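In what follows, a single structure is set out as structure tokens and then discussed.
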Amino acid sequence: MGDVKLEHVSKHYDDVTAVDDMNLEINDGEFICLVGPSGCGKSTTMEMIAGLTIPSEGKVFIGDREVTNLPPKDRGVAMVFQNIALFPHMDVYDNISFGLRLRNYDKEEIDRRVERASEIVQLGGMLERMPDEMSGGQRQRVAIARAIVRNPDVFLMDEPLANLDAKLRVHMRTELQRLHKELDTTIVYVTHDQAEAMTMSDRIAVIDSGQLQQIDPPLVCYNEPANLFVAGFIGSPSMNFLDGEITENGFVSTNIDVEFDPANVGVEVGRDVTMGIRPEDVYLVQNERQVANPTHRIEATTDVLEPMGDEIFVYLKLAEEAHADLEEASVAANDQLLMSVSPDSDIEEDRDVEVVLDRTRVHLFDTETGIALSHGIESTIQASGPADAEAESDD
Amino acid sequence: MSSETSGVGVGADDAEMKRGPLGRWVDKAIKNPDRVYRAMFYVATVFFLVTTLFPFYWLLVLALTPNRLITNMGLLPKGFQPEVFITMFERVPFHLFMFNSFVLGISTTVIVLLIASLAGYVFGRLRFPGKSILMLGILAISYFPPAAFLIPLFELFTGNTALSIGAVTISSPDLFNTPAPMVLPFSALFLPLSIFILTTFYGQIPDGLEDAARVEGTTRLGALFRVIVPLSAPGVATAGVLTFIAVYNEFFFSFLMNNGEASSWAPIVAGILKYQGQFDTPFNLMAAASIVGVLPVAVLVIIAQERIVSGLTAGALKE
Amino acid sequence: METLSETQFAYLLLAPALILLGVIAVYPLVQTFSMSLFADQLTGSARLGEFVGLQNYIDLFTGARDFALPSAFLPTFTTQFPFVTDIYSSALMVTLIFTLFSVLFETLIGFGQALILDQDFRGRRWVRVAIIIPWAVPIVIQGMIFFLMFQPNIGFLIGTSDNPALLNQLGLIGTTPLRDTADALFLIIVADVWKTSAFMALLILAGMQSIDRSLYDVAKVAGASRWQQFKLITFPLILPTVLVAMLFRTIDAMRVYGIIETMAGCQTVPSLSCLVVTTFNAPLYGTSATVAFVTAGIIAVVVSVYIVNFASEGI
Amino acid sequence: ISTGGGDDNGGGNGGGGGNGDDDTPINTEEPTEEITVKWAADTRVADNEDAIFEALRNAGLPDNITVEIVAGSQVTDNRQAQYQQWLSGGRQEPTLLMMDSGWTIPFIARNQLQNLSKSLPSEMTSAIEDEYFAASVSTAKGTDGDLYGQPLFPDFPTMQYRKDLLRNAGYTDDDFDTWATESMSWEEFSKVTKEAMEANSDVQYGYTFQANVYEGLSCCDFNEFMTSYGGAYFGGRENLFGPVGDRPITVDEEPVLNAIRMVRTLIHGEDDEHALEGITGKIAPEAVLQWTEEPSRKPFTGGDAIMHRNWPYSIVINGAEPTEDNDQTGFGEDLGVMPIPYGVTPDEAMYEGTGGPVAALGGWHLTMNPNATDAKKQAAVQVFKAMQDEQFQLDMFEIIGWIPPRPSLLDSERAQQVPVIGRYLDALKVAGNNAIPRPVTVVWPQQSGKVSQEVNNAMAREKAPEKAMSDLKSQLEQIEQSAA
Amino acid sequence: MGDVKLEHVSKHYDDVTAVDDMNLEINDGEFICLVGPSGCGKSTTMEMIAGLTIPSEGKVFIGDREVTNLPPKDRGVAMVFQNIALFPHMDVYDNISFGLRLRNYDKEEIDRRVERASEIVQLGGMLERMPDEMSGGQRQRVAIARAIVRNPDVFLMDEPLANLDAKLRVHMRTELQRLHKELDTTIVYVTHDQAEAMTMSDRIAVIDSGQLQQIDPPLVCYNEPANLFVAGFIGSPSMNFLDGEITENGFVSTNIDVEFDPANVGVEVGRDVTMGIRPEDVYLVQNERQVANPTHRIEATTDVLEPMGDEIFVYLKLAEEAHADLEEASVAANDQLLMSVSPDSDIEEDRDVEVVLDRTRVHLFDTETGIALSHGIESTIQASGPADAEAESDD
């Protein structure tokens, strides 16, 4: 019914390729988040699923029908638009009930549904307002209500919560999840909010420059990013990257060395690699005991502190390790490391500290191609194995 | 404005007390330029009101003056003869002509708006090969003086054109003295203008709104009539008013496609001309008739202007 | 219908317009064009004479047909003071002069009126009606109003040579302006501007009303004065509408006939349409059809100025 | 798609359409079944429908025939355009048409009218030929000499004047009585007018007439001036209706020029460069150059002019008794009417039938649509018959002021009883007897425009008379040749 | 110069009061974030500062001038609009340079500035695009660039980053902060993103229903919320609230008791209070040693687990404590507690656990008025004293 498939779909504008040979299979009832940098082709992908944009190449399937050239109304999709697109000449009630009225639902049914949808988005009592009499967030909620009053096979939501405050977002998030469970509808969801993507979706599709980079359950994307792009994109603040080289002793760079047996992790010696480590996997030596398998201690100086309330981001300047044999090229920006600590930690700016990394959380990428070589360098003690992840992503 | 001279020439360095009203006004105006705009606005408004309304006033002067006295007219009526507004109906069944004009105008307007909406949508929002050629072709129809259409159309509408398909020959129906031979040419001749107007207006509606309607389940046509047309209300209303008035005033086909009788769907222009004798012209009756004839249009404009002018509330076209 | 390609869909929606225009406009034009290839026939029951090919067109452009028209078609520059008299005795020049000035002034005045109508003020409803209403006046009446105003001994706007009125003293018009081509043309332009500015105003106003008001908010905050808001936001955004309005006004002006006939007569102010109608009534059908097509051709040339503009505006 | 009614797009005989058998005799017996014939007339006829209908019945129209009046426009050009379309479109309706004598001939030339000579009983056609105003009849005939229309009424302009004002200048009722039948020369006329102007300094204008650039100038006003000076467009009466292309063009001859010079003198004064000797100048305002009938009548009716040339309709207005009802306009008995002045006497005239007190001929005919069904034609014949009835013609004179088409009827007691206009029948009869039709042929519509343009230019001092007329001559020449 | 003051400003629409007697003083050069639920009046406040909306009551000052009725162009403000509102007929270059062209800057200067602004928002190379050829995020960036090319006294930014992905947001955030430092301009900023508000602003103004709730530095708002509304609104996920009562032994509710001496925290016995505790201040007993001053252990069952990558949210069901003396009314929803734990924690769904609270982080509010009574219940050991905070907020 509601499964969506894109087969070699591309969309070219005059001089821009918005979507580039995209293959995407979304199962019936699945909740998929599309994430990626601004302008990477998320909205275009949605529009092609909705039928608003006809692909330059490739085919689109919904259910078992090819719908590539089918008009939107016959595709059984509902959509929340990034630009909201309320009908300015209709009040909230008419905006929300538009699709139902088109389908000649009877008055009571419409009333009932509009009422429910407007409660979900907390717009009760505003049904008679015109769009230009509402705040940005209220408009966005109308747009959401307009989509959810219907019972489509597929929901397409393009940044539906962008204009809402944190509290309402959390509320809407749970409501959407409840709706998803209740209706068992496929949802394709674009968001730039990591928390949303992580908590709501069954799988996340990471897109860059119109190309699909990885599509996997959120934690797999987080813990085992397929490549440098995904690793850098997922997670906020971003993963730390250090360029270096594989030697017989493990990873060597201008500032950090990490010892391991290259054979164990299956990376040949001499390769240029980039090591990745997330801020929360960097620990002060005081907290070393929290880490089962730490690296050797790394000396650093704290630079800026960014208190966030529930955590503090600490920018570290790394001391240089002595590796005259490393080429100049790969040295750049290698001396910074971001670390997150809990707000009650006893830390100040401009102090010398020692940190350790969680070896199980160290990622290695091929510097040239960006492809992930290894997640965790002591393969035996990994938190969630890639085997599990693959199993999950198969269903 | 009368204070203009008194203000000029008073030195700017003089004390506030000595300034003329204009000086003070200028002073305030400099502080608050809005006053200047307001003033300019009122001057312009009054100017336009006077220039547009004066001929109507004069028409009224003519209507109220007995025809025999219409000579060496000044700015006031010579004599006062309000019963002219009754006489005009006694002379000619003017209301019937007005009715005809209304029927012709409204049916043409409906046809034109419908067809032009479809075409305007196509030209304003779709891309397809042959678009520019077709637009130019449609435009080119309005290049021709109406007389260029007359003879063939007359033949067509009086049953003198035959279509032969093999052995069967169908001749066109005789529609003379019915509304059709006026409504159809009006529709065709006024269509290009409406198509162009609607093309520009429809073209400016953000795609997002049409997209939203289509995803909600309308066809493209549904989106046209439920979203694009209402949002283009000023344009549609304008096209409608322009078409209606054009029909209301048309005199070429109005004249030759019927025998000039109210019962034969002759429109208002024929009615007005009916007052005219071969040599004598009752200017007062014609003036009265035109005032009466223009009134319904004024009503129409009042009704339509709400659409034309405030069809959209602020910020309506936000994406 | 929805599964049609964009092109098919476009043509489907255009079908009603194309059918209507095909039957009611194109078919008659084809017929009329074929009429233009035949000689005039004034006697006998035949409407047209023998087939002459393009001779009618050749005659028209060489001046060989001028005798059959109320005035010369092209200006002739043979006499000693060519520009003074002959420009006004050429239908083409008279039409172009009329078009240039009437469209120019109508656009300017229409613009001004639209700006006023766009404001919010008490009683604007009535001002709107007042400004729009001349457009609703039938041409016969419009003609009558101005004819009477400028009729010696009836209207007060002109006097006699002994007792000239203000307009005469200013040298704007003579005391029998409606028999003089230049004076009459001037007055006909005035009459046309009076009536037709409303057409421009209406369209321009509609264009203004369709502009997203939040753009003005942006412009205001960016520091735009009223004039700059007009120049940078209003004007470019209504330009397409203005061009459409001017385009159609130009076409209409190039075909001016009714107001001439009712005010001064085709003999005094010969426009291109005057030639068509006069020959049509004569009835010189061949010549009339020829002039009609040549008129359309000339309009096409003039209008191409707009078309080029349109193309650059991307409409 | 091909057009029916012949291949008119192919240049063939598209005009006729229908069953253009316009010369077969019609059954002239009274039809037996109920039948209605449509008559395209004008609003004045329609307004008086009942009275006219009664008059027709009285004149013997059978009871089973009803006449339905289609009230066309009063504006003659509009009517002409309509009829042109109806007839060339081959429409069967209306059966009867009221046609201006000024443009009946082109319809005849295009075979668009029923040939009455061939299809009516000869006693009917000969009554017309013998008893009606000859000038009127001549405008209803084809080049073959056959009759295609039956005159309904003629129209002749006359000179109206204010007796009261002239009395101030010393003229008496005796003079007025003389003038009613014996017209004066332009020299005398201008002198008289000047005297009256001097005697009535509060009266603004002397003589008002119509010299706008329009058909009225070429067909009528100037035609009168010119003919009264013995000139002609195409060399005398016999060439009025042709042969086109084969007749002299005489507009540049001295009588024509004199007529222009005379008018220039009337308007611009004796010191005009092209003034005519003997004429007293500055008696007509420049405004005449822009005036048609109504604007020129207004000042006269308003008491601002002494002399006024116009059609009989204005006699009714100007001769009315001033009453509350008509806002005290009209001069009653103080209105005088005389024939138009003359330039030269008929003997001095250059061409046969010119000179003297000429009056341009107007008026309307009744014609029959050749496409009508035979039954309708049969009924229409009865209408023709009834309208030939003298009583009917007098009835119409009373009802809507149609001047009876038979000169003899103007002498009748009944005619003289008709209010206002009945007083002026003498002058009208002179005008009628000296009526000059416009030279209407198929090319007249083209020529008329040129004539009015050039004549107006010359009168307005924009061209010298000689130049204007030689220009005109070459244009007329071209038009003549084009149709030859 | 750039200080902004609202004095008793209100704005009423027909039936809505969008802003209600707002008093707000913003110092020259300050970076203020307006936060609050959707529809609370943030945009309206901005519009009144900009001069686009004239207050129904009250006065607005910018610098030392009263500007209440001054037109926008004379106020020296630049604004990023929530609805973006690009000029549809201008390309990106013209949109960005609009304000400069109005001021007749010379061509080179304009070019230079546009170039710089478009680099900041990463739109280089798109200067010739038309707005309708851009993605949602790209348009928003144009809108930002259009504001920052100018040098106004006050920047008004209404959710300028709403459509941007996390990475770009972080980038834009630093760019805006750098700009702020460089130009020393006052910035009034609306956002619904807590991280933005926390990291960027000097002070946060929390608004609810058109009324100002609190205006203080971010950490003060976080740690010492003035009332229940601010406490619940700031922080994501939201603070846990438990309704209870003060007894002589401290706080008592149906599910949790916390012992303390009411006299010490200055709350009278018998008062109905609401206790608040943030998810990150709830600890599993295993980690009790991280807390200097824990409460007694509380029994609970884990319910749903929400893994976020860098942390896991754990929904706890509390066991009921035996307090028959508490009224029914205050019992509602008191049995849920949200806790955040680090992702390597050994925790599963539906397991019995014991947790402790950090006493220094327990907040008490008057249930009825919502006003904060106490932040931390052992006043001696607070992390950042209210004294510091007040000192901060004074400058």
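Letters A, B, C, D and E mark the chains as written, and numbering starts fresh at 1 in each.
Definition applied: contacts are C-beta pairs under 8 Å (C-beta built on N, C-alpha and C of every residue); 3 or more make two chains touch, one makes a residue touch a chain.
The structure displayed is predicted, hence computed values, not measured ones.
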item	value
Centre-most chain, if every chain is reduced to its averaged C-alpha atoms	B
Fitting chain A to chain E on CA atoms, where both chains share a sequence, rotation angle to nearest 5 degrees	180
Comparison of A-B and B-C by number of C-beta pairs in contact, larger one	B-C
Farthest-lying chain, centroid of Cα atoms versus that of chain A	D
Separation of mean Cα positions, chain E and chain C [Å, integer]	63
Inter-centroid spacing, chain E versus chain A (mean Cα positions, whole Å)	23
Chain B-chain D separation of Cα centroids, rounded to whole Å	40
Where chain C touches two or more other chains, by residue	2, 27, 31, 35, 47, 153-154, 212, 214, 237
Overlap residues in chain E, where contacts from two or more other chains coincide	83, 85
Residues of chain D engaged with two or more neighbouring chains	1, 3, 8-9, 81, 298-299, 304
Partner chain D, residues of chain C touching it in the complex	27, 31, 34-35, 38-51, 67-68, 70, 151-154, 160-161, 175-180, 265-268, 278, 281-284
Sites on chain C touched by chain B in the complex	1-2, 6-7, 9-11, 13-14, 16-18, 20-21, 23-29, 31-32, 35, 47, 109, 112-113, 115-119, 121, 125, 127-141, 144-146, 148-149, 153-156, 194, 198-199, 202-203, 205-207, 209-214, 226, 237, 240-241, 244, 247-248, 251-252, 254-255, 257-258, 272-273, 276-277, 280, 285, 288-289, 292-293, 295-297, 299-300, 303, 307, 315
Touching residues (chain side chain B, partner chain C) in the complex	37, 41, 44-45, 48-49, 51-53, 55-56, 58-59, 62, 70-75, 114-116, 118-119, 121-122, 126-129, 131, 134, 136, 138-153, 156, 184-185, 187-189, 191-193, 195-197, 199-201, 203-204, 219-221, 232, 234-235, 237-238, 241-242, 245, 248-249, 251, 268-269, 272-273, 283, 286-287, 290, 293-294, 297-298, 301-302, 305, 308-312, 314-318
Chain A-facing residues of chain E, complex	13, 16, 35-39, 42-44, 82-83, 133-138, 141, 158-159, 162-170, 192-195, 198-199, 218-219, 222-223, 232-238, 278-280, 290, 306-311, 340, 342-344, 358, 383
Touching residues on chain B, where the partner in the complex is chain A	206, 208-209, 211-220, 222, 226-227, 230-231, 233, 312-319
